[in-house]
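Contents: one structure, followed by commentary.
Should a chain be cited, it is by its letter among A, B, C and D, assigned in written order, with residues numbered from 1 in that chain.
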Amino acid sequence: MSRFADRTGPIRLGMVGGGQGAMIGSVHRIAARLDGQFRLVAGALSSTPDRAQASAAEVGLDPDRTYSDFVEMAKREARLKDGIEAVSVVVPNHMHLPVAREFLKRGIHVICDKPVTGTLADAKKMKAAVDRSDALFFLTHNYTGYPLVREARERVARGDLGDIRLVQVEYAQDWLAEVPARDNKQAAWRTDPTKSGAGGATGDIGTHAWNLMRFVTGLVPQAIAADLQSFVLGRALDDNAHVMIRFDGGARGTLWCSQVAAGEENGLRLRVYGTKAGLEWRQENPNQLFVTPLGGAKAIVTRASAVTTDVARALTRMPPGHPEGFFEAFANIYGAAAKAIRAARAGTGVADFLVPGIDDGVEGVAFVEACVRSSSRNAAWVQL
Amino acid sequence: MSRFADRTGPIRLGMVGGGQGAMIGSVHRIAARLDGQFRLVAGALSSTPDRAQASAAEVGLDPDRTYSDFVEMAKREARLKDGIEAVSVVVPNHMHLPVAREFLKRGIHVICDKPVTGTLADAKKMKAAVDRSDALFFLTHNYTGYPLVREARERVARGDLGDIRLVQVEYAQDWLAEVPARDNKQAAWRTDPTKSGAGGATGDIGTHAWNLMRFVTGLVPQAIAADLQSFVLGRALDDNAHVMIRFDGGARGTLWCSQVAAGEENGLRLRVYGTKAGLEWRQENPNQLFVTPLGGAKAIVTRASAVTTDVARALTRMPPGHPEGFFEAFANIYGAAAKAIRAARAGTGVADFLVPGIDDGVEGVAFVEACVRSSSRNAAWVQL
Amino acid sequence: MSRFADRTGPIRLGMVGGGQGAMIGSVHRIAARLDGQFRLVAGALSSTPDRAQASAAEVGLDPDRTYSDFVEMAKREARLKDGIEAVSVVVPNHMHLPVAREFLKRGIHVICDKPVTGTLADAKKMKAAVDRSDALFFLTHNYTGYPLVREARERVARGDLGDIRLVQVEYAQDWLAEVPARDNKQAAWRTDPTKSGAGGATGDIGTHAWNLMRFVTGLVPQAIAADLQSFVLGRALDDNAHVMIRFDGGARGTLWCSQVAAGEENGLRLRVYGTKAGLEWRQENPNQLFVTPLGGAKAIVTRASAVTTDVARALTRMPPGHPEGFFEAFANIYGAAAKAIRAARAGTGVADFLVPGIDDGVEGVAFVEACVRSSSRNAAWVQL
Amino acid sequence: MSRFADRTGPIRLGMVGGGQGAMIGSVHRIAARLDGQFRLVAGALSSTPDRAQASAAEVGLDPDRTYSDFVEMAKREARLKDGIEAVSVVVPNHMHLPVAREFLKRGIHVICDKPVTGTLADAKKMKAAVDRSDALFFLTHNYTGYPLVREARERVARGDLGDIRLVQVEYAQDWLAEVPARDNKQAAWRTDPTKSGAGGATGDIGTHAWNLMRFVTGLVPQAIAADLQSFVLGRALDDNAHVMIRFDGGARGTLWCSQVAAGEENGLRLRVYGTKAGLEWRQENPNQLFVTPLGGAKAIVTRASAVTTDVARALTRMPPGHPEGFFEAFANIYGAAAKAIRAARAGTGVADFLVPGIDDGVEGVAFVEACVRSSSRNAAWVQL
């Protein structure tokens, strides 16, 4: 019980976006609630007043703390004695910056969905806004919250793999293999450059794969060569990307992301090969990490097992064999944000809770734009 | 968002048991919280006052609603205007009856951990208490909350498997393969007949396997023959059981449960074979259901896929490929309980939300006692 | 190359049974041929002269060495200067004894398919015939030829598992889930008590499972309790059996064999749990052995890997990752028989090449008859 | 029995290379022998006379048909009345051409290991030699012999996948992750450009992956961009390659081959995604093919199951569930070669038995050289 608990009560949370029909807002709410570290008390769940009210009622918000205008929300909540301390930003990409900025400048911590913005120019503005603010900024690259992703990172960091030579990361889906139904809101904005930004698959899932690879290996990419496609007729953004990567120090890798890989659901998979060992992790069964020392047997390391490091164990809630999944990993991001917020509140030095932040965000969008640039130059190498 | 939401606000929940060091209390709290259907407002988390207060503070309970005496809690909460509407009972088995009874008789709904009691005599008393009460009684056979377990049940019910011939169910662990550490509270009471009841492995996990098999197949067991062992020296209760089962209509099956199967974590696995098809489900990767028509290819049915029935889809929160796990399944039990409580509140006829209840509880303990009786008679058949 | 080679040339082999339409004869021929240790030079592939000749021609036998009468074949081959040294007996079970006896008494080694006979009385006669003969007798419990089955045996023998507590073995198929087509010769004799013997599933696949369990663990069964069924209407022999086992020393186990488990192909699977570790092996992907030390990570030991013992490596032909399968395992049985035959030829003391023999055969049929006896007594315990 | 049998007796086979210490020679011998279609009767297993004799004796060759000079062997066997009809060429790559040429020009069929030669120049000379000869030429891209690879090809061909968009193929090993031991003959020549040719990993396993992709999809590659590495210090040839592929018609793909991917054994894996369905096959468990229609459940198609096409069933020897592996697939290549040879012998028109031949060989070496060229130009696109 203890490690997820706190005597000082839940953090007061607001939300912008995430109204009826949205998926990711619901995910953030569950993640925020799961360990009891946050309490949702205000929201501008939609910019349409009726919809905002109806959505707020569904999630049990006080009508008095229900908004349709996020600027108004930011202003008023900042003035309230028990106003929100943090806000979840779950609007389409192009709105991340304008929304987050309003809260950041009023000292309200921001928990922002990814990618941080639709364009690199915006991402840099976001960074400036974060730099100017006393508030903290968290980016929900939620896959880094999986205990065994942390385990993988720890094992790489302590040298179990030796020097890394190869990284193969992929995120394959098929939900956009055809022209989506017109009422599919999630598909609609994600395939619209004015809302999603420069990247389609690269922005929506490629950034996750990139971040995961960076988080686990710590390798610094030097250049990429990317071949992007839009397989579905009339699609303005990429729905598939093959990317070759060169890292400082000589390691190599590839990143593949696709929204048109028929039969794939959410196939995020990371493989890392070093001079001493290799490892593999797959989101679809995240409770197993495969580690194979060169010349040894493949070991299936399970979440919270006797051989799992404390790094992973600290983020699990159940014994191994009882599967934890997507929401628990997402809640770990919220949990780490909560720790950081409480540390900030207490004025203690902020430890590194390993939550992705603004720099990861800028880097992610830079990756997307580099992909687009490389692809437009016939997959030429682009320095990062 | 909608299907897990409710405009009338969360149900006020209390808890008895689940203080510091307990695991299952934390599980119930997360499950209750996950979908925002319940709000924990009172608790007697321990019978030791200091511990009760410290535990309550950790989970953010108001000191005024913190108790160490569950009778006092029941009395006072029943009188309060905004007193609890339901209580989670997460004490050791032998205390389920005395605790639940206090709340039932005051019209407070009970969500009770399994097995319902330690003895069949107590289980029958529990049933009497439930029958006398206006309140509802739910038993957290949480594995029935997995979407693909519901899917399996639905497919059996609609005839996909034809007539069932065979059921192979098992629940294998290894956490009690050795004498546990003295400070392992969970092991301590589970291996103590005065607290756990007649069954060791049979009571703790055998009842889950039994319930899962019953839930999915609907088959009515007629007789069992059980061979129980206590492999760990000095252990008073069984830590392994092999059980052969004969069902009405001629189907046969086996149930194996073990706490000493080295290398097994929480290996709950169900296989059902009919005249037309077979199916398999495993808790350790619960997002896949394997269904094989006789003469066809094995199909991997994933949670919330396009081929999954509405029965399963109604209980999922994310697209397939994003793993849901133990807590989400447990939350589905709480969610169904919430629906039933709200329906009761509204005075509408209570639909069948498929939450295990008192009859499942009585049957589970009857299964345990039948195992013990059969085993004491050299694994002779015992009628059920 | 070397370990499967021999300078003295292939052993001259004959075959009784295995004509057109038979499967197992073809298996034996491939197994005998695979490593070049045997050369098929004579055969009575059918008792029908036309069919015998046609079958012999198909496999390239010299017409002069083609027979339809196995007695004539035994007599003549025994007299020929370059007559057969060994014979493969691949007729239906009830014919094993009469056929093998003719060759044994003439000093011709016998490689006999399993079960050794249809009845225990015949098995004992077979043993007497073997005892009286100078020739060797091999029983093709082919699964013991898998390298990783040997690996499992070795690991148990050297104590990796500690004291064994539990054995779970199963062999599940579905090919007899319905009444077979009339022209299915393999199904026909296997479901006919006059040809197959006392056991259906128990005889055909239960004996394999039993032998595998015995081979790997070395445990001595003391008693069994068996519940046999014939699910398919009109079937004279069992098509499913659940068997509980008690071993000397207190270990327990279950054996399940079925020919009606819809969706199962050849699901032979062994799990062994000891005080120190557990292991699992599955025939359907035989190139992996799972070994889990208590408190450690599950290791996937692959065939011929760096951590595989010499015992297994001696029986592999390729590096790990290149799958070997059913035929290679079967060929390992033939290879061991070849070694034994050459050792006998050389007059050197016969080492233990771990080929199942007559004692395994007698034990297998005893197991079948014990199953039948137990089942007829309502699954009462039967001593072995 | 019938489909692998032939009344006309085995084809007389010779072998060049494959002496003591070689692995691939032994593989060819087993493959040739497995179905009884060939009989090894002559060989120049080594160019060192002593070694040639010793090796020949081990495999049971008549000393009179034992050679150390392949030219002499070709000359003499061509003159013998019962001289070899076909020869297996299993020498290092740079010797394929000089050896094969001697036999081709004398009308002896050649079964050649891959890659066809070390250089494209040699490959073209080989093609010229084949074109001039009456004899047939087979290239042992053995993975195409797996029944489920044929199944995949058939399903693509009949349109189950719709239009192919993506192909992901990889072949990952780790056996050359470190500097190999000096006495490792197989490693020695494969890492020596004068013997192996232009490619290291690309030549040894990349060509297999390429051929597999081509065989299954039929897609015509238009251009590749390749990034090659030699991770092991001092290695003259590539030991890892990432390759992006553009196909005629717009499909895209990647090929990854590696000899330094720690923990990988023989990880050959193919994934193909079309507009209607996706499929996946893995060599390490080759008895399963995964096929997922867009919007449907993933189906596990097993070798020789009821839903497998005749194309695959014709190449299997056992019911599904009994694993066939590497040797059986290799034997299928030999079996198809045998059919083609017999058809040639009979003067009947030669049907397409789908055995890879000289054109596949030329293409494979062209692929290797294109990789090297692209990589030397900073992974620029190279037209094919």
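Everything below uses one rule, namely that a contact is a pair of C-beta atoms (placed from the backbone, for glycine too) under 8 Å apart; a residue touches a chain by one contact, two chains touch by 3 or more.
Given the structure is predicted, the values throughout are model-derived calculations rather than measurements.
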{"item": "From chain D, the most remote chain by mean C-alpha position", "value": "B"}
{"item": "A-D or A-C, whichever has more C-beta pairs in contact", "value": "A-D"}
{"item": "Separation of chain A from chain D, taking each centre as the mean of its C-alpha atoms, in whole Å", "value": "44"}
{"item": "Whole-Å gap separating chain A and chain B, where each centre is the average of the chain's CA atoms", "value": "34"}
{"item": "Whole-Å separation of chain centres (CA-atom averages), chain A against chain C", "value": "55"}
{"item": "Sites on chain D at which at least two other chains make contact", "value": "264, 291, 298, 302, 305"}
{"item": "Residues on chain C engaged by chain D in the complex (per definition of touch)", "value": "1-2, 5-7, 9-10, 20-23, 25-27, 29-30, 33-36, 55, 57-60, 173, 175, 264-267, 283-287, 302, 305, 317-328"}
{"item": "Touch list for chain B against partner chain C, complex", "value": "161, 165-166, 168, 174, 177-178, 225, 227, 229, 231, 240, 242, 244, 246, 250, 252-254, 256, 258, 260-264, 271, 273-280, 290-294, 298, 378-379, 381"}
{"item": "Residues on chain B engaged by chain D in the complex (per definition of touch)", "value": "291, 295-302, 305-307"}
